[in-house]
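You will see two complexes here that share chain A, one where it goes with chain B and one where it goes with chain C.
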Partner chain A sequence: MRYVLERIAFSLFALFILIFITFLLSHVVPGDPAIAAAGPNAGAEKIQLVRESMGLDKPFHVQFLVYGAKVLAGDFGTSWFTHQPIADDIMRELPPSLELVVMAMLINLLISFPIGLVAARYHGSNFDNAVRVVAIAGAGVPIFWTAILLQQKLAADWQLFPVAGRLSFANRDFEGATGFYILDSLVQMRLDVFADLMMHIFLPALALSLLFTAVGVRITRTAMISEFRKDYVVMARAKGASEARIMFRHVFRNGATPSLTVFGMQFGWMLGATVLVEEIFGRPGIGRYAIKAVTQSDIHAVVGVVLVVGLVFVISNMAIDIILYAINPRKTRED
Partner chain B sequence: MLVLAVIGPYVAPFDPLAIDFRNRLAEPSLTHILGTDGSGRDVLSRILYGAKLTILSTVTVIATVLVFGCILGIFSAFVGGTVDNFLMRIADVWLGFPPLILALGFAAALGSSLEAAIMALIFSWWPTYARLSRMITVDILSKKFVASANALGVSTFRKVTHYVLPNAFDVLIIQVTLDISAVMLAISGLSFIGVGAQVPAPEWGAMIAEGRSFTSKGWWIVTFPGLAIFITAMSFNLIGDMLRRELDPTLITRQ
Partner chain C sequence: MPNSPSPTGNAERNAILKLEGVCVALAASRKTMVRNISFSVRPGEIFGLAGESGSGKTLLMRTIFGLHDDAFVEKGRMTFKNTEFSSSEHRRRVRKLLGREIGFVPQDPFSSLNPTMRIGRQIREALYLGKGISPKSAEAGKTTLELLKEVGISEPATAVGQYPDQFSGGMRQRIVIAIALSQEPSILVADEPTTALDAYTQRRIINLIIERSRNRNLAVILISHNLELLRKNVDRIAVMYGGQLFNILASDEIGSSASHPYTEALFKCIPRKDMNLADIQSIPGEPLSAGYGAAGCAFSSRCGLRRDICDTSEIPVNASLEQEFDACLVRAGRRP
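Moving on, here comes the complex of A and B:
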């Protein structure tokens, strides 16, 4: 219990830092916002008036508290280019991005764990060495480049997948209660829409996951190797346990836990990396929204995205750590 | 690759910015080995010039975070106590945030340019080195020879230059080689989405962004700059891994 409380306290601290960074980004770095807001022809008096109305004449810490209170209340300001509250914009754009990240994470896990486990079992073999080199090399792949190449080859040239978008034109009116269309389509038993969604999401998810999978394979492989060296494996072998039983029941279960922390962090990084993928595949989402906001120099909208991605990151890490603790309290404390 | 970055501009057969519309979208041939882009510029020359741009910005980022991160980390370790705890907690939190999105925020605040992207990455990357150098320093300060040095009244400055830095060198050099590829990917990624180097600069990420509209007419425009990023990043990763196997003492004891 003490551990869980500590973990929550750390997350709150992380949240505080996050708000402070975004405060610096939106209020301090860009220069004097009053001059920007008052327009190019404003005189000194006008600027002074705007400054007071924006609360910029207040001391630094007061401004920060006001900003923090607004953010915590879910008020991120209004976007300059959609003319909507930024919080609403982000709530609309977040579900498609989360869907994409979850799919990419599934691909990542489905590749990383089996390959990492087998490479570790046959540590030092040709297969293992090949896996190691490919994983190291794969960590140098530019995500946006693979995304373009996959789109060009598999979608445009060979027409195996749709080139862009989240849904086909025929299904453009589809709506769901949660905004997570994959979930919604299953709830509504619209299997045609579900298949359509899957076809659209596969390539962007694959492109997004490759770099992270390379890292994932390396991490699971290392974790499993150290697990295979433990005394209990020797013991199990001596007792005549089958190799399959050792691999899956013993090594996999114990070796998977340390890797899960890394996958938890990757979740946040992937959400950040959607800026590289969504625009290419013409998918709605916060990555594309962030790019639009940057090109329109809408600093508050960008900061809103930073806040939300940071929040997802803090929560997912906390959740993973607490789950790991719930599974095995003693092991977590040792680490 | 470093060699290429230095000699690149001298061996490049064409001016990387020279526009030649008669020769636009030319396929790779003997004159234009990697073809030309949508404005008739020679792709090979642009990649060679871009090597300097990309590698120089990467080195700037790494060198700055290395120096500042280490100063902060070593300071933190020497002071200890609450200050140390507080600084490292901040580094912990900061380290976790997706660097790309944080850099995007900084770039948005500073305006879009290659310099802004470099600044943004420096802001996002320092915690790695602060944490690492602190860890090494704490480890070294706990050694017996430091205790005897304390008894002899060795100055703090001397302790840093004679004990900490030489011992930290191996670990830091490994981290640097491994980070080079990550920083390079981030810079080209930022340039690709338009907040880093601006078109028509021959930065590799920006070249890919520019070539995107021509993927169906000229595969070479996007493929080769990406390959350049990939090969460079991959080589640094492989060198880093090799160095780690050679130098990292913790790896040996752990196995």
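Moving on, here comes the complex of A and C:
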């Protein structure tokens, strides 16, 4: 239990650093926010009033405390562009992005673990060589290119999948309690909507996952190769265990540790990379929101996005640390 | 004398394991590493396989019992309990015997147990695979406790819930042996089972294996680089060098005329109580690894008896599966 508390404390510290960095971010942006907020025709007095009302006349550390308190309370300010609270905007845009990332991660895991495991087992075989070549090539292909290619071929030319969007026009009025439509559609037993959502999410998720999958396969393969060399594999074979039993009951759990660490980090990276995929596939989401905010110099919205993506990154890493701890009997016991 | 040479016909019929002209090659390079190995092991016999590191003893054993992925039986024939295994399909067929007829104890007790699986589960898995006892049954639980007790684990009920890293090396090796014995094989191959352990623990582990062999008529192949350990504990010893089989002799005949010059040289390297430091010898030159490809005897460059014939003729092979065998080309000429 001590270890878990340590990881949580560590994550909170990381979160503090993150808040501090985003605070600096809004300070290093050129231009005086008070002048900008007061409008082009304001006089010096008016600007001073605005400055005081925004708290910008206070010392640096006081400003930071005020900012930190607001952020922790979920108040990221108001978007200069949508004129909505940024927190509300993000709460609306985050679920579709998280859905996309979870799907991409599922594809990643479903490919990386079995392929990495089998390539490691038949290390040096033609299959293994092919896997290595494809993985190296795959790790070098940019996500936006994969996305455009998949969209053009599978969606536009062959019409196997919808070209863009999150839902078909017919289902445009669908609403759910959580905003995670995949979940909502299942809760409401709207299987038609669920199928529609899956058709729409498949290509973007695939495009988002391939680069990460290439890395995942390589990491898994390397970790598993060193596991297969250990004597307990010989022992299991001598006991009469089938190759499948050796792979899944013995090697997999021991060799999964290094890969899991990487997958945990990939989760955060993927959320950052949704920008590319959402733009191409015209999906709502945090990535598209970020692009709009950046192009319109909506600094608070940008800061809000950075904070939330950072938060997801911190949480996913913490979760992986705790999972790794839970599956390691030695560490669990030593506590 | 339990091991006096017997007529070959008789020995052949009785043997549990026969190797005839077995060659082992590496899968990647197809290089032959071990050549023309022929010997037989009787049921209940404790058979030692000696040689320096790299002599090919572990490679040979792991390959003929289907445990090695990177090597294969290139030529020759293995017979196990009257079933013949020719070189094609060897691995696939022999693997079906693993866990039932053949038990194996790897060298390093620190890595031969799965670190993330409880001891009890590892033993129950062996019982399931070897004897079809359901891992969740009461029988499996009871047998597991009995096995652990038998190999000298003091608190079996606690041990079954523990992980390998909670045990010392000696304890782990006992557990590994318990796993191998749980399947009641007819032959147990122990690959340097005590090398990683201290002298006292070594003694106890070896005794455990010997006791089991005597009680249950279990044939044991004990692989070791330690000739002294083998001399004291096994019935017959086969000596390998550079991937060749040099010598098979009864363990009490070491140092007698039945010894190959290499066996003798190895024997002289063993320090004994009555020796001064200066008396302990070493073999000149560097040991040769398995895969010696040239004609003649692999040991010739280090051998005091070397003649021209050693580098030009092929060494004798134990084609008729004699119980005792000497591959020295020089002595062959002199023998009656």
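Basically, the second predicted complex is superposed on the first by the 313 of 335 C-alpha atoms of A that agree within 3 Å, B and C clash if a C-alpha of one lies under 4 Å from a C-alpha of the other, contacts with A are read in each partner's own complex, and residues count from 1 in each chain.
One rule holds for everything that comes next: contacts are C-beta pairs under 8 Å (C-beta built on N, C-alpha and C of every residue); 3 or more make two chains touch, one makes a residue touch a chain.
It should be emphasised that the depicted structure is a prediction, and the values quoted were computed from it without experimental measurement.
Trainee: After lining up the shared chain so the two structures overlap, which partner does A:Met189 touch, if you call chain B first and chain C second: first, second, both or neither?
Mentor: neither
Trainee: Is A:Ala139 contacted by the first partner chain B, the second partner chain C, both or neither?
Mentor: In the superposition, A:Ala139 contacts chain B only.
Trainee: Between chain B (first) and chain C (second), which, if any, makes contact with A:Asn328: first, second, both or neither?
Mentor: Only chain C is touched by A:Asn328; chain B is not.
Trainee: Quick check on the superposed pair: does A:Val275 touch chain B, chain C, both, or neither? Answer first, second, both or neither.
Mentor: first
Trainee: For chain A, which side has the bigger count of touched residues, chain B or chain C?
Mentor: B
Trainee: Just chain B (first), just chain C (second), both, or neither: which does A:Ser226 touch?
Mentor: After superposing on A, A:Ser226 lies in contact with chain B but is clear of chain C.
Trainee: Should A:Ala73 be classified as contacting the first partner (chain B), the second (chain C), both, or neither?
Mentor: Once the two structures are laid over each other on A, A:Ala73 reaches no partner at all.
Trainee: Under the contact definition given at the top, report the residues of chain A touching chain B in one complex and chain C in the other.
Mentor: Correct list for chain A: none, the interfaces share no residue.
Trainee: What part of chain B is in contact with chain A in the complex they form?
Mentor: Contact set of chain B toward chain A: 89-90, 92-94, 96-102, 104-112, 181, 185, 188-189, 192-195, 205, 208, 212, 215-216, 219, 222-223, 225-226, 229-238, 241, 254-255.
Trainee: Tell me, which parts of chain A touch chain C in their complex?
Mentor: 124, 230-232, 234-241, 249-250, 253-254, 327-330, 333
Trainee: With touch defined as at the start, can you tell me which chain C residues reach chain A in the complex?
Mentor: 28, 62, 65-67, 95, 98-100, 102-104, 106-108, 111-118, 125-126, 129-130, 163, 165-166, 176, 179-180, 183
Trainee: Inside the complex, what are the residues of chain A that reach chain B?
Mentor: Residues of chain A touching chain B: 10, 13-14, 17-18, 21-22, 25-26, 29-30, 133, 136-137, 139-146, 148-149, 151-152, 156, 211, 225-226, 229, 265, 268-269, 271-273, 275-276, 279-280, 290-291, 293-295, 297-299, 302-303, 305-306, 309-310, 313-314, 317.
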